[in-house]
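Listed after this line are the structures, all set down as structure tokens.
In what follows, subunit A forms one complex with subunit B and a second complex with subunit C.
Moving on to the complex of A and B:
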């Protein structure tokens, strides 16, 4: 039974992950990510980590995904073309990227499948009663990982501060009567990676959305 | 009842407040500085926030010196306070304090808000302190994130200048890839060894015969890549020139000096403590990375006309030199790396302080033309820059020479003589571009400042691209900002900036002093090297 569930959840997780990167509509990407995260939660359940599974569903598949959906709706639904960057020398770069990506994938397969297949007919680590319960996790957070716990809270604080700094976009050093920051940004071509390699300028709305991206990145990094 | 049970069962860890004090000073300072950002008057915010940031750095420095010679694990093994952590901490805190001085008149701190700006600098430094003391992969990763996230924001703090925003975005994207790679590698190492503590990882590798386990080796490889991203080791350096050029120059200084020290500190601790038994596996890979870094950095710097890009490529090359001390995995190697990190702080502070000063004086940005004729017009800026360039190239009678000597000696003693030869050849190549800066300062006539003054009321557009410059002028033409908070653009050109010039002179003098009398720094580095107990 556990083996059947494992393979169902495992296939779901892999398929969801592939869906995230291959869907051209961002909304489908988000939905695929939800499927991926729920499959991961099922895998956590099989590992007897009930609390982590519940947290995964509530926090990631629930709260964080709602945020993503909001952002996708806010930015607007557009089908992303496959190759947005017609960079000079793009073919060589793409070829190189495919080569290195493939090499990395092979290496990871050797490492993960190699060790995983060796252990496939063994029993795995023993189960200790109480493992994975909220009580035990709380215990660890307040004893062994107390410092990490406190540091993570500071990380969230400073990520929020950083997001406010970037989002406020109104400097103190600005002379009176100077144009609003947003209008300057629209006049400038905002320095994104796509522009750095010579992609055509996109509309003002998407450029502003690009500007907002670092904030969300901050939030994700902190939320880890 | 369950509450009572929980209270009865839980025994919190012993918290060594003394050992934590440098980090607490920085984090506490960050909170206080953040609150000062709420003060109603702009001048109060500027003066008090930067002043309190300096006080926090001074307190952290004092706490670090107070803890000197400690050797203890604190908060149930999360951190290890020993001379290696404390020595690197001295470098980090000095770099942070210097950043505050350089930011004193910068546009960036005004645009981001003074309280927030200095709080971000303090927090980033605290993350670095955590990183170099980390003794557990969880603390390691949190330290990396706590240092990176404020830096992503700090790079973009010149909010009205597109290269700065571009730099922040690039650093965010590439830094996140680096962090994710590192995390994946740490997860694999945990999977192979079953532990997150460095000591337990070391004993699992030594006793379990894991040194050739594919899972562990892949984990190590991913960790190397992640840390190489952070310390800008080639071929993971592509972000470095763009980010260094686009970021506000005081922040570039901070990134160049402090981030590198922190990344090399954790390189030393993680590889020489946790993974020391697998040294035969990772040492050749690190040596190859060091070689690539030295070649790419020195060749890449040859064609640069922007001083910040030149120093960025130079930083890539220097990262290669510094890695040599990690490769050999001996106490002599650790000593050489820590010594060179301290020297690297001094020479880069001198060079970047001059770049900051000239950016604000000339309006030529960080182009090499900004320092032309400096020898005749501003000898007190030309001398520190000259010393810094000669020291970075490794000319005798400067501290850079002594540092390279130790690194080459450590490589030769550790069985990597060829790496020592690569360092020598790399230094010879590097003379070509370092001397170009020196020649520009002493042998060319100065630029005609009158013309540029008329052209640009906002002179401090560091590395401003031609397309960005007209926009920047557009934003500032309506009214010249009043003197004071407006930073370098404020009214009259900053003729004399005592804190920047003083910093350049002090760092330059220290570079020469430690080149002639290196023993104080050698003692510091020896204590740091000896605190790695598992090495010889």
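Moving on to the complex of A and C:
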């Protein structure tokens, strides 16, 4: 029974992965990834990782994929042409990538099958009754891996702030043409070479006056 | 099923993801392929956790999921920023940082 489930889920996972990289429309790629993630959750269940499987379905296949779908619809990506226009040797690059992937697969298989670990060929060690339950995961997260847990929460906070900074509309919430907070530092040339060699103070004053001109706000920061 | 089978699936998915990162030119699809690779790593971690009968590998997988969520947030934010600036959403066109 477990073998049948494994092959169904495993073939689903690999087929989903192939669908992700071969679908021309990014929307279909996202849907293929959802199928892949759900198959993977079934594999996690077979490995007695109940909590991770549930988190995979709810957080990954649910929330993260909704975010992907939202961005794909917002940006309105169109089909990618198979023949890569304007890129000479696009087909050669694709063949090279496939070759690289195949070589990597062969190498990993050799590493896995030729490993000295006997346990790889077993069904796994015995486990305590609560193996993979939310209680045990939470216990580990809040005792042994407390530092990693806190670090992960900080990482999420930084990512959220970074996403807001990246995706905000330029100049929203502040008067048109007003200098940004960093432009004062830029105007005074703090931390620059000009400051180090003692550039005349007049240049800093004129640059600050330049930045306060209303029509200067548009041209700045065009490239990133 | 033996743990080796799970590791084989994990290796296959990882290679498919790596080939996709190299092949595709759309940043959204490249992010999806990164997800594939991270998930292959997750499957290997959980397989090893089962192999040892120890839940610690599952905690690792949870942390990897958090990191993947952060990567998605920043990556999609970048794509939205590219779109807002009317730049082409194509990694071949976006090569200002190329040396």
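FYI, the second predicted complex is superposed on the first by the 135 of 224 C-alpha atoms of A that agree within 3 Å, B and C clash if a C-alpha of one lies under 4 Å from a C-alpha of the other, contacts with A are read in each partner's own complex, and residues count from 1 in each chain.
The working rule: a contact is a pair of C-beta atoms (placed from the backbone, for glycine too) under 8 Å apart; a residue touches a chain by one contact, two chains touch by 3 or more.
Everything quoted here is computed from the prediction, not taken from an experiment.
With both structures placed on the common chain, the touch criterion links A:13 to subunit C but leaves subunit B unconnected.
Of the two partner chains, subunit B is the only one touched by A:147; subunit C is not. Looking at the shared chain after the overlay, A:135 reaches subunit B, while subunit C stays out of its contact range.
Contacts of A:112 after superposition on the shared chain: both subunit B and subunit C are touched. In the superposition on chain A, contact of A:155 is made with both subunit B and subunit C. Looking at the shared chain after the overlay, A:166 reaches both subunit B and subunit C.
Note on subunit A: of its two partners subunit C and subunit B, the one contacting more of its residues is C. Once chain A of one complex is fitted onto chain A of the other, the partner contacts of A:55 are limited to subunit C, with no touch recorded for subunit B.
Shared contact residues of subunit A, touching subunit B in one structure and subunit C in the other: 108, 112, 144-145, 148, 152, 155, 158-159, 162-164, 166, 169, 224. By the touch criterion stated above, subunit B contacts subunit A in their complex at residues 6, 9-13, 15, 27, 30, 34, 42, 45, 75-79, 107, 110-114, 116-117, 119-120, 123, 126, 130, 136, 138-139, 142-143, 145-146, 148-150, 152-153, 156-157, 159-160, 162-163, 165-170, 172-173, 176, 179, 188, 191-192, 213-215, 217-219, 221, 242, 246, 467-468, 471, 474-476, 478-482, 485-487, 489.
For subunit C in complex with subunit A, the touching residues are 1-9, 11-20, 22-26, 28-29, 31-33, 35-36, 39, 42-43, 46-47, 49-56, 58-59, 61-63, 65-74, 76-81, 83-85, 89, 92, 96. Subunit A meets subunit B in the complex at residues 107-108, 110-112, 114-115, 135, 139, 142-148, 151-152, 154-155, 158-159, 161-166, 168-169, 171-179, 181, 184-185, 187-193, 195-196, 210-211, 213-214, 217-218, 221-222, 224.
By the touch criterion stated above, subunit A contacts subunit C in their complex at residues 2-3, 6, 10, 13-14, 17-18, 20-21, 26, 29-30, 33, 36-37, 40, 43-44, 46-49, 51-52, 55-56, 59-60, 64, 67-68, 71-72, 74-75, 77, 80, 84, 86-87, 93-94, 96-98, 100-102, 104-105, 108-109, 112-113, 119-128, 131-132, 136-137, 140-141, 144-145, 148, 152, 155-156, 158-160, 162-164, 166-167, 169-170, 223-224.
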